[in-house]
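Structures follow.
In the two assemblies presented below, chain A is common to both, partnered first by chain B and then by chain C.
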Partner chain A sequence: MSFVPKTAPFSGKINAVTLGTGDKAIVIGGQNVLPFYTFDAAIENAPKVGVEISDVADTWDVPGLVDFYAGCTTMADRAKKAEELPGCDFIALNFVSADPNGANRSVEECVADAKAVADAIAKPIVVLGCKNVEKDADLFTKMSEALAGKNVLFMSAKNENYKTVGASVVLANGQKVGAETADDINLAKQLNIMLKGLNVNPEAVVMDIGTAAVGYGYEYAASTLDRIRLAALQQSDADLQMPIMALVCNDVWGVKESTASEEDEPAWGCREERAISMEVATAAADLTGGADAVVLRHPASVAAIQKFIAELI
Partner chain B sequence: MALKGLDIFKLSPKKNCKECGSPTCMAFCMKVAQGAVELSKCPYFSEEALATLNASTAPLMKTISVGEHKLGGETVLFRHEKTLVNKNLFAVSVCTCMEAATVDAKLAEAKKVDYERIGERMYVEMIHVANNQADPAVYAELVKKAAATGRALVLECWDVECAKAALAVCGKDVILDGATPANWEAMSEVATAAGVALGVWAENISDLYDTVKNLEAKGNTNLVLDVTGATAKETLANAVNVRRTALKQEDRTFGYPSIVNLAKVAKGDDRLQTALAAMFVEKYASIVVMSNMSYAQALPLYGLRQNIFTDPQKPMKVEAKIYPLNGADENSPCALTVDFALTYFLVSGELERSGQPVNLIITDASGMSVLTAWAAGKLSSSTIKKTFDELDIANKIKNRTLIIPGKVAVMKGEIQEKLPEWNVVVGPLEAVQLPKYMKDKEYEAAVAAAEAERAAKAGAVKEEVKELSFDELLATRVPKIEIVDMGVSYKGHNPESKTFVTIGERIHCIAPAIKKAMAERDPAPILERAAAQIKAGATYLDVNIGPAEKDGPELMMWAVKLLQENFNNVPLALDTANMKAIEAGIKVYNRTNGKPIVNSADAGSRIGYIDLAAANDAICIALCSADGIAKDNAEREMHCDNMLERGLSLGMTSDDLWFDPLFLVVKGMQDKQMEVLEAIKMFSDKGLKSTGGLSNNSNGAPKHVRPIMDATLVAMCMMQGLTSAIVNPNDLRLMETIKSCDIFKNHVLYSDSYLDM
Partner chain C sequence: MPKVIFQIEGATSVEITCQAGDNLLELARRANVAIDAPCSGNGSCGKCRVKLLEGELETIPSRHINDEEFETGWRLSCNCKVVGDCTVFVPDIASAYQSRMKTADLSSPQELAIFESCQNRLRESGIVFENSFRAVVVEMAEPTLDDTMPDNERLTWAVQEALDVANVKIPFGVMVKLASVLRENNFRICVKGELQGDTFLCMELSNPDDTTIVGCAIDIGTTTVTMVLTDLTTGKLLAKGSSGNGQIRFGADVINRIIQQGKDGGKKKLQDAIIKETLNPIIVNLCKTADISARSILRLCVAANTTMNHLFVGVDAEPVRMEPYIPSFFGWEDLTAGDLKLPANPLAPVLIAPNIGSYVGGDITAGALAAGLWDRDEMSLFIDLGTNGEIVFGNRDFMMSCACSAGPAFEGGDISCGMRATDGAVEAVTIDKHTMEPTLTIVGEPGQKPVGICGSGIIDVISELFRCGIINAKGLFVREGERVLRDTHNMGRFVLATAQESETGREISINEVDIDNFIRAKGAIFSAIDTMLSAVDMTVDMIDTVYVAGGIGSGINMKNSVNIGMLPDVELEKYQYIGNSSLTGAYAMVMSDAAAAKCAEVGANMTYLELSTHPGYMDAFVAACFLPHTDASLFPSSVQEM
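Our next item is the complex of A and B:
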């Protein structure tokens, strides 16, 4: 053989973070190579796929989703159904309606829903907040207490509320916390340092670096992913070695490609297929850039992305 | 990529004959590496050494042309390192193994995908025609059909006779993807004879490497590498290894564009194909071959490609036009923002979330964000008026509510004046507040108020507006200057001095107190800031009056007189997007302590500022960028040379052009800082003066960190030859650093109390 490719594993390594408990627990991160670069070194843990269960799922009008969750009335019903979906590694509970500028559902109601889900399923749980920093701080504090012992990941602490969220979720209740910043490697590093300053173990932190749907300023997400991964692996920057979770479901279902009706865009064809395609392409791009886990909404997206991962690992 | 002196030295004759003028071969090679001397000055380099040296200065990855398309030519593995150059193309595959009807359907479907997205045509650029052991005539027939689409072709065909037959029936915008370790020699002859690029494939990457070597040895370097493996996993390994070998190991054997054929590895699963295509857009395919391309696949993939291949240093712009949202019609209110793509997506997304019909009007602002565009004069009542005229908005929309971004509330009056038919109201500061603002119709009260105001104005008698000369303005519109004792006097400045020139940046209309003082012609806040800066040792004071579209000339004359008469003719930099105002300011300017500075020209739309400076015998700051940040120092140097030439041809001396490399913010552009420093060295090596908004480097950093960053950077810059900077003189650490550097540079004679001088 005249040509032998140079392999390039790094000395830096992504933290391996365990979510959930028992034999259904999963580990994200742990690798010392760029995503899917199996030719450099074996990938310790394949990327994981979560299924979104939203508290406004009854407003989902895409036929495939309506059919899949037919007969489900509660978040727990839906979570049970999703848990059985082949390729579902974890369940992500999305508390959209807690937003004070929206339905403003009470923390108690949300906690009760989460508790019911936790009692009904065995797979790991990730909780997605409503993005309002005060409400999320309150929600995460009470929910992390109610779900104590379940090793749940709460997405996410932000610059404005990391003290409350970090202290309650991780220090008081031993759960895992997300650190969310918006497409800015310097802010991402800073937030991780601040969490460390609170005594939050870096191995309890997962990053949300601020992704987007492809076509929607995705170049910022792509370069932030590239830069964070290179800093973590190449420069061994311990403050950026947290695994990354991309909330694809939050990025793709609101853009025009996924929402425009077939009457409004006759050339574009089936709306559901377009939305799945947006979700699949965005998830694949996120995983290629450095996401260690993605959260998806549509069962068909889950199947496609699991197949994609299997093809590459 | 640049050669190091030692690499050249290894190949040098090492005879130290001094004929080149250098004392040793080593010294000569070092100079060659810096570009200070031509290699040809030495007659003793061997042919072989010269060939090696020439080859090592060639690009690491070739650019291959196929018709109008360009492939490859990449210089980096990740877009943030510089930029990706040539976007990947998409091809749809047809094969001799398919029924004619299937082929027709695929070609028809591929042609259907054809739309525009943010100024770019999105379509299937190529048709891939696979030959599955068919007769030459059968293959040629299929190729003919594919060629009839008018798209460029990839001919995947390992049979020499079939390839010849195919090439006879199609044009020249073709890649003959046919060379293998078995047939490369014959296939290369076919491709060369037809004048088309040759695709090379092998079962493993090592054979691929050897085959390319063989082809290159025969003189064929018009190549594309088909890196498709048996599986997706193997294909990714090939694509990455090929690109990495070329760019990182600098082995040009793999320095060619690549083809990835997903029709082979996606196994007919459309969704898997979409996922893999997304990956290969990011990971190094120059051509992604798909088994089909529907809108569902195209929309995300072309959107991704457009994002990934955006130049990180050029803002992405959306078209200036009316975007009706949530079923808006001519009776829906209008909201306005700039054409920066990210702003557009953010604002349109939030407006869509509100569910309220609204016409989003995008106005041309050179792809800058709202505040940046406003400060640069790219978003002004004039530019908005221009958009309204060009788009004929008054006739297209009947509703007269116009919501402007909260961040430019200050423009409300000017816009109202330029668009008297409209009710201009100030929207929220942040896009996230828009859904509530729109849902609760928070703009209605302001609209009513604007309506009432317009009605009142309509009743009033219209004032006759006549343009006044500077002298008339001075006599009638410039308030008398009061002399106030501020307890400091300007110590004077010798323009011949070599000491570092600080230009105090604190009189800037972006500061609310100054904005108000300027509007009301209230001297106190301005004098206060001037006194503090002068006391701190500023050489020049910058006077930024903002876009000042309305009353620029009289405002600038007032400011110039106010400052100079109060502070012993302190020299000033005149800073505004209104050129007339600069001219007016210079008219009343006193040159005792140095010429006025025009702040600033650039190599793009503000090139005319050089003419303005030349006509008024002023110094001109010349920003080395056109629109957006220069992509590298070659571009900075080009702008520098062009502006220098323009200034000199207009009779300026080179000392009166102060070149600005454009200081970049560390948070975000950390990897570009050394480039800026090298640009300063480049100016200095040309014997030119330089300046710039140095404190931009620490923008967004915590308050206690900024002085440290600014002081460190100014020291590094002064080492590189920076002669001036626009700074905050009240920053003691920075000013002390500058004074110390002037000591080390031997510009000021040392004494124990040099810091107090």
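Our next item is the complex of A and C:
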């Protein structure tokens, strides 16, 4: 008698959420097993990788990034370039400069940029806000209207603005919405319940449960990921079965391993390599913990993570 | 020196001279003018409002006083410095907390019935209501030139014969009055004292008609003090009374009090506030009502939380507040009324219901004794709702207890229009789900207009707002209507009474910040229950009875409390309100040696679960800070109708 391995898929299943349209559309989630547990059941949709295009990308001074985007002047230029990158599944537009406490760029300018990108590329778009709850609510409302029909994911609705964001992004314009909370399974679930209360279809929700650069309290992010995924699969908790997207780029490029110059920290070696290492290590940890998609900045990180996923699936 | 006149609404004015720069609230305390200041003068609660009538005060602006009110003279007394002569008006509501606070002090027939049934339950559990205190009338032959036995031997012989004891102890305090009492009563007197094995300790001598011996049971709460006098022979209640805890002016919660007692001379101040200012007047009053002499009080029992116990006996309470939170004592024997200068027989023992942790005190052991969960096979949950929520779970085989900090929300603190349950407090609310019109029940005489909202009212409002779909599970307003208003920061509030409808001319409403504060308070209570149950691997359906105790309990609507996820979702019939169980327990201990011994046993057998160091507590707390709960399956009967 031959050996038949015992498989253990869960009864709970992660929602499959489609982003984008046409043949470049992607699906995240949909599995009923732990990350990369292909021996328990087939994982139909491999984890996806997005490339960050920031509206302040012209300030990026890492040589690899400068070289890669050489000649690009607009977000659309950069997005076109990034779209061609092997391993890039979607483009994440990061509107850092909309922050009223920063450059405070107008909603109209941001919308125009997003529109230009949407016209230029075919791959799905994810929009990252500036983290100011009021500005984001306004930005997402206008942008979701302008990008109607593109099936864009807006990251993210928070406790403070979920009503406006949920209503405009999903109910009015049929796009997808992120639900952002800070490293707490209960807060994540509460926001999902409130979005549901707004009549937002759970299949239109992707979670940002908070992450951290490795070494910066990452154990909180790790345990939150673990618990949410187990609640979704093991306990079939429908309020936690949304796929998870980790905005790795936002966390890793601001820590001192990525920012300290070689003059200041000669013992640490090349700054760019450090930053890539942080990005790859964090993304790999997120994916093995349960994230269904990661957003990365550096082309080298994208390549490494693409290889990582391909070898495990 | 500046002179300040406090014009107190409904009372005589008080005048005091002071130094320029003195804080107005502290000055009021010095002048014994009662101004309710739950936050102890931090400027955070906004309850110490007074109105400047004449003169000037240097004032720090406060978010609790708007420009219009400031123009008309309203100030927070804690934010004011005296700069010269002035007259301030102290509104009735600022001092009402002390005189008309609604407390569970056995003044209503329902409370008395609850009290009786608790005593009966103890009897059924085999607690014999007997004590060792006796009053015996003895008659002695008068001495003559032939019968030369001294007074003390004469008394000893008589008592030995009357009570069949080997020894009789006559302490100094009794000895000094022996000669005169004997002669005034022609050698027929009543001896009151305690049987200690084969020895009788004489504690008091009186005329032969005065044979009443009295026990005094005291519940010292952080906010209120209640007391009963009982006949130690028959168990009959002789008198009962209550008042606000005089320590309130040193802060609303135990932490503020501990900080105050740590200051120079603070221990003495706080002990005086509780004994001299609070307990002594009540005891004197009750003795007058019962027509007994204070020296006939032969035994006292105090049930109080750990901090109150420390402040009562004048022992440093600082360790209660500091890690690792070890109090100076759990139980204490051999304390007498004389030690504490209480108006009672100086030899009278003062029993202290034992503490079992820094935040689970004698009020809980006494309460658990009274609830009787120690004698049942079924699992019971005992909840004492107050500034601190204390919880006991178990049965005859084991008992666990824990405490959580619910904050002052149940007593109206931390709530913009919150108040304690005195006249004018909204104590119950229903809301029409279609029109969103509220119907209020108000403490006080019929026709009383609302002044603010107390704990039970807040539970009702939030439950009703949630049921009617006016707020969402996070407590944010999601329905619009006439009653739902928003301020410039877009913060929503629900108007219970407009400025015209209220007693004070200020709108009475509950806003999103209030609701958030309250959700935290209820979350603290439920997560403590949840954590304790899971610590013993049990679930709410294993609970047979839920005993709810505490001052706010009498008015609390259990269905609404379940609806908002504060109390576990079990059949409403399982809920039993047991009133001031701490006082009931203290009464049993005074009356019965067996009950006192049982209380010590209950205390010793109770396991204390320290929640602050429990790994799952924070998580359970966040999960419970949602209406009704993040895990809705825990509250199947909670409904949102709209």
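Note that in this section the second predicted complex is superposed on the first by the 307 of 313 C-alpha atoms of A that agree within 3 Å, B and C clash if a C-alpha of one lies under 4 Å from a C-alpha of the other, contacts with A are read in each partner's own complex, and residues count from 1 in each chain.
By definition in this document, a residue touches a chain if its C-beta (ideal position, glycine included) is under 8 Å from a C-beta of that chain, and two chains touch if they have at least 3 such contacts.
Keep in mind it's a predicted model, so treat the numbers as computed, not measured.
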* Asked: Superposed on chain A, are chain B and chain C clashing or fitting side by side?
  -> clash
* Asked: So, A:Ala79: does it touch chain B (first), chain C (second), both, or neither?
  -> neither
* To do: State whether A:Ile26 touches chain B only (first), chain C only (second), both chains, or neither.
  => neither
* Asked: Can A:Gly197 be said to touch chain B (first), chain C (second), both, or neither?
  -> second
* Quick one: chain B or chain C, who's touching more of chain A? -> B
* Asked: Once the shared chain is lined up, is A:Asp184 touching chain B (first), chain C (second), both, or neither of them?
  -> both
* Considering only touches as defined above, state whether A:Lys163 meets chain B (first), chain C (second), both or neither. => second
* Mind checking 384-392, 456-464, 492-500 or 636-644? I need the stretch of chain B that runs into chain C in the superposition. => 492-500
* Structure fact -> Residues on chain A touched by both chain B and chain C 184, 186
* Which residues of chain A touch chain C in the complex? -> 159, 163, 184-187, 189-190, 193-194, 197
* To do: Would you mind writing out the residues of chain A in touch with chain B in their complex?
  => 1-6, 8, 36-39, 101, 184, 186, 213-220, 222-223, 226-227, 230, 254-255, 257, 267-270, 273-274, 276-278, 280-285, 287-289, 300-301, 303-305, 307-308, 311-313
* Structure fact -> In their shared complex, chain A is touched by residues of chain B numbered 78-80, 112, 115, 117, 205-206, 208-210, 213, 231-233, 236-237, 240-241, 244-245, 248-249, 265, 269, 271-272, 274-279, 281-283, 294-297, 299-304, 306-308, 310, 312, 316, 341-342, 345, 349, 352-353, 435-436, 667-668, 670
* Asked: chain A touches which residues of chain C in the complex?
  -> 472-474, 478, 619, 622-623, 625-626, 630, 632
